[in-house]
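In the two assemblies presented below, subunit A is common to both, partnered first by subunit B and then by subunit C.
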Partner chain A sequence: MSQISIDQIYKSFKTEAVLKGVSLSAEQGEIVVIFGPSGTGKTVLLRIIVGMEDPDAGTVRLRGKDMTEAAPETRGIGMAFQNFALFPHMSAYDNIASALTAKHTNATEIQDRVEKIAKLLKISHVLQQTPRELSNGQKQRTALARALVGDPRILLLDDPLRNVDAKLRYEMRLELPTLLKAAGSTVLYVTQDYKEAMALGDKIAVLLDGQFVQTATPAQIYLEPATLGVARLFGDPTLNVVAATPQMQGGALSFAFGGTSVSLPLSFAHSAGKSCSIGIRPEAVMVEDHRAEGSFPVEIVAVTPLNEKTVLLLRTPDGTELLAAEPGNEETSRRHGMAYARFNRDALLLFDAASGLRIAAQQS
Partner chain B sequence: MEHISRLERAIRGILLTLIMVFFLFPIFWIFLMSFQTNEDILRIPPSLLFSPTLSNYQALITGKLVSAAGTLDIAFMGNLWNSVLLSTVSVAVALVLGVPAAYAFARFKFPLSEDIAFTLLSFRFAPPLLVLLPLSLYYQQIGLTDTYVGLIWVYQLIALPLILWIVRGYFEDISPDIESAYRIAGHSWWRTFTRIAVPLAGPGIAAAGLLAFIFCWNNFVFALVLASADKQPVTVGSLAFVTASGIQYGQIAAAIVLSITPTLAIALYAQRYLVEGLSLGAVKG
Partner chain C sequence: MSDIALILDAVDKIYLRRTKSPVYAVKGLNMNIQRGEIIALLGSSGCGKTSTLRMIAGFEDVTQGTITLAGRRLEQLPPAKRNVAMAFEGYSLYPPLTVRDNIAFALKSSHMQAADIDRAVREVAAMVEIEPILDRYPSSISGGQQQRASLARALVRKADLYLLDEPMGQLEPQLRAVLRGRLKSLLVERRMTSIFVTHDQTEANALADRIAVMEGGVLQQFANQKELKDRPANLFVATFIGEPPMNVFDATLDSADGLSFHITDGPQLHYGLSEISPDVRKAIGARTKVVVGVRPHSIKLGTGIHEARVVSNQWLGDQSHIALSVAGKLLVAVSHAPIAARAGEMLRYAISAAHLHIFDTDSGRALSHGSEAA
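Moving on to the complex of A and B:
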């Protein structure tokens, strides 16, 4: 039985359709990340699931029961908001305890549970302070504690790391998976940070233009994106996209790029003659000093370190720009100037130019 | 704009003094008058030197007005009590009715909500005389003339729109997420209203209540037409000092001092809330 099962949810505001037939299910203990750029209706979807917003059509089933019309307080959900939504006139303790006072009347039990979760989230020392006196990180932890303290079977987290600084976000990204797994709840986690999505999700549901374009494991999303749009959202630096029409010539498949012809695996033979967008991850571009099989001349225009990678901006003789990424941060080993580049053929992604759908390799 | 020239400061000082004198001198003069006899008051030229007397206050408190034509009974203390009663109960009723209504207008979009809210506001700017004649006829028929209930009811025309519109702005300023968070935590709609929305809008509710109290206290025309002597507030009751044998300036001044003291005290005490409340509620976001 799915803990959360939403089916064909539609929602419009005035004339603008925000959600157009969205379906999703999440099993017991599963962390499902709802990922998408801002303004795609991720928060609206959470609000519908929690009962703060009514869908125009569709059903919300929680723990197997139809809860589409149920009031928020009856749904048994814990939720943390992007803006924390703490009660400004209550202490951190009362904020956290508010999730228990409706059900548990035993004051000592409430105290025990609040103190336990506060210890886990390292906010025991600020429990008597009001939200105004808390730092952003402490506010965020208080909001999380409030969502977690009631041991909800279903937990909705609306971009909880959005409003905290980079250091804390990194820390929490490490802590959260353990915390969420320990709680054993089914989690829907909204984010627009693809790294967060990859780090936390058992499953990622990519919301684009009011629809889930792909729901799959992080690895599948990265290696086998359903559409060009999904491929563009995951990866930093972003995917190189080349418009090309693969040609079959003398038993070999290739496409024209940068004044040369780049060969494609024969498993893409069915794409011959179709107008395609070819996606090349920067990691799949190899830059070398010497000419090799299938390589083409490029000029290295810029070298930028990015985290643990070095990003190279390349330009082919015909002026096409291309990003390449190399592991390591050895700026000195790369000089600007002429070099040769080639693609890792097996990592190329082909998309239909018109529909944006990925063209899968055929097993021969 | 940090630097203010000396001239500018001087001009500002003079203007402020002028305004202060303009508004406060009458109150000061009335305060002095309340300790003078009618003869002292009517002396020309007026003088700041006089032998103070408490006879005016004495007359008001004992209810016996001694004039050249004899002794006259006045019900000033009764009127003062009426004012306190009418204003307090009216504001209490308006708060009980208006705060939930303001919440409804702020949070829920229902058919005609804006029209209903605007109609309620229009009570504030419609001239009272417009409704007074039909109202007094209705009141006579249903027996509400000269009753506290009838007056409190009609005072809702003053208090309710004020409270509704000021408090509504306050409720709109509270992030809906905060309320949602409380409901998700398992609390009912009503508990969320009483535990989250009302405390957070507290300063606005207090400011609106105080303002409504002052407006009710100052009301004259409704009580003049709809109430007889024993139900009249001070505003109407002061007319009794215009007697056949002359106008009792000293008693009027004492009556004014006594009747503005409660509102003045409340306003001074709550000045902070009033300014904060009114400006916060008015500006959204």
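Moving on to the complex of A and C:
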């Protein structure tokens, strides 16, 4: 039985359709990340699940029961938001305990629970302080503690790391999965940071234009994106896209690029003659000083460091621009100038130019 | 070529408070900025970066020290006379004017032809992708669009200096990456001397020629991104710069038979005499305690004499981040090749002397980086 199961949810505001038939399920203990650019309806969906917003159509089932019409407080959901939403006049302790007092838990049990969750989240030493005296990181942990303290079977987290500094966000990215698994809750986690999505999610549901375009594991999303739109959202820098029509000639498959012909694995033979968008991740572009099998001449136009990678902007003789990424930047001493580039054939992604759907390789 | 545009000389910003002791928002700040240089002021909130920007703009008084722009002393000049263009969060668009007129406003008071103004506005609007909303009013556009309009209004002007406060803070990641590239090439092409404030080091690395890292009102280091990464001046910079930042551990020293770092409650990193350069020995001197640091990308995994429990292994598509439990903390390693280890398993790791950064325990000042003294 799924802990969360939403089916064909529709929601419009005035004339604008925000959610156009979205369905999603999450099993006991699973972390499902809802990922998408801002304005795609991620928060609206959470508000519908928690009961703060009514859907125009569709059902919300929680722990097997239809809760579409149920009042928010009866749904048994814990929630934390990006803006913390702590009570300013109460200590961190009282803020966390406020999630329990409403349920008439007895005093010693409240104390035990608050102290246990505070220890787990490393805020034991600031429990007596008010939100004003806490750092952003401590506020965020306090808000998270309040969401977790009642042992909710279902937890909704709306971009909870958005307003904390990079260092803490990174630490939380490492620790959060362990914390959430220890609590045993089923989690829906909203973010627009693809790295956070990949690091935290057992599954990622990609929301684009009011619909889930793909719901799959991080590895499937990155290696086998359902559409070009999904592929563009995962990866930094984003993947190169080349418009091309693969041609079959003398038993070999290839496409024209940068004034040369680039070969494709024969498992894509069924794409011959179709107009395609070919996606090439920057890390699948190899730049070398010497000509090699399948390489083509390029000019290195710009070299920029990006988080322990070096990003090269390449230009082919016919003026096509291409990004390549190499690990590390201390070892690389690349200068601007002429070089040769080639693609890692096995990492090429083919999409139908019209629909944007990925064309899967066929096993022969 | 010494072509200095802006000089900050011993600048202090002190806020006096009636009942409590005064607050030093900025302390003894010295900076020389070349003409055409792009500078990032980087730090977390409250580090003094925004106060610095506001003093240069003229929105805050300078408590002590001098600011000189293009040979003119700025401290006593009103903001409008400083010939500085700015895009600030608090420096909002004029509500009664359309986005187009907001951007054109500064140009109309110059002596440009209407057709030239129109062309300049459309060019800059295209760059920040707000052409479709040029005839709308500020109150009817989103926060991100307001920010881009404000950026366009600053960039369209001719000024001695451009001050940009978190210029892309409100924008979503995909658009940010594209705008960054365009902004950088515009600033470089027109040799626009500019200072921008950010808390995002990716932004600082991508845009800036040099980065001023600030903390507690004090400039910690002012250098290009490679220098900040390879030769951080102190522990603050070392653990602030880098994604993920440097791992650091307290250690006691034992110099019998080479050099050993006994990490408190953790493993012993031992290096033979040939592995530690004389310069590094000299830099350490007679100290018996130091802080050792290693960058996540410099740790070798799956090999070596040390072993630790894997806390998490997160694959991000082109790299894996592996957190190991070492000395009661996390030792984070990054690998570009996939690593099979799962949470709970043991994994070997190695740290070579060539990748060690050593810091003074008390002051946090860097003593050595790899085989070189700091």
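Please note the rule applied: the second predicted complex is superposed on the first by the 359 of 364 C-alpha atoms of A that agree within 3 Å, B and C clash if a C-alpha of one lies under 4 Å from a C-alpha of the other, contacts with A are read in each partner's own complex, and residues count from 1 in each chain.
Keep in mind that, in the parts below, a residue touches a chain if its C-beta (ideal position, glycine included) is under 8 Å from a C-beta of that chain, and two chains touch if they have at least 3 such contacts.
Computed from a predicted model, the values in this text were never measured in an experiment.
Q: Quick check on the superposed pair: does A:P237 touch subunit B, subunit C, both, or neither? Answer first, second, both or neither.
A: Touch status of A:P237: second partner only.
Q: Which chain makes contact with more of the residues of subunit A, subunit B or else subunit C?
A: C
Q: Between subunit B (first) and subunit C (second), which does A:Y189 come into contact with in this model arrangement: first, second, both, or neither?
A: neither
Q: Is A:V50 contacted by the first partner subunit B, the second partner subunit C, both or neither?
A: First partner only, subunit B.
Q: Check whether A:Y170 is in contact with subunit B, with subunit C, with both or with neither, and answer first, second, both or neither.
A: second
Q: Once the shared chain is lined up, is A:M198 touching subunit B (first), subunit C (second), both, or neither of them?
A: In the superposed model, A:M198 contacts subunit C only, not subunit B.
Q: On the A-aligned overlay, A:I77 touches which partner chain: subunit B = first, subunit C = second, or both, or neither?
A: first
Q: So, does A:L86 touch the first partner subunit B, the second partner subunit C, both, or neither?
A: Only subunit B; A:L86 stays clear of subunit C.
Q: List the residues of subunit A that touch subunit B in one complex and subunit C in the other.
A: Touching subunit B and subunit C on subunit A: no residues.
Q: Across the complex, what residues on subunit B touch subunit A?
A: Listed in rising order, the residues are 175-178, 180-189, 191, 196, 199-200.
Q: In the complex formed with subunit A, which residues of subunit C make contact?
A: Residues 44-45, 172-174, 177, 199-202, 205-206, 225-226, 229-230, 239-240, 242-245, 297, 311-312, 314-319, 321, 323, 330, 332, 334, 336, 343 of subunit C touch subunit A in their complex.
Q: Which subunit A residues qualify as touching subunit C in the complex?
A: Interface residues on subunit A, with respect to subunit C: 37-38, 136, 165-167, 170-171, 173-175, 177-178, 192-195, 198-199, 218-219, 222, 232-238, 281, 283, 304-309, 325, 327-330.
Q: Which stretch or stretches of subunit A touch subunit B in the complex?
A: 47, 50-52, 71-73, 75-79, 81, 83, 85-89, 98-99, 101-103, 146, 150
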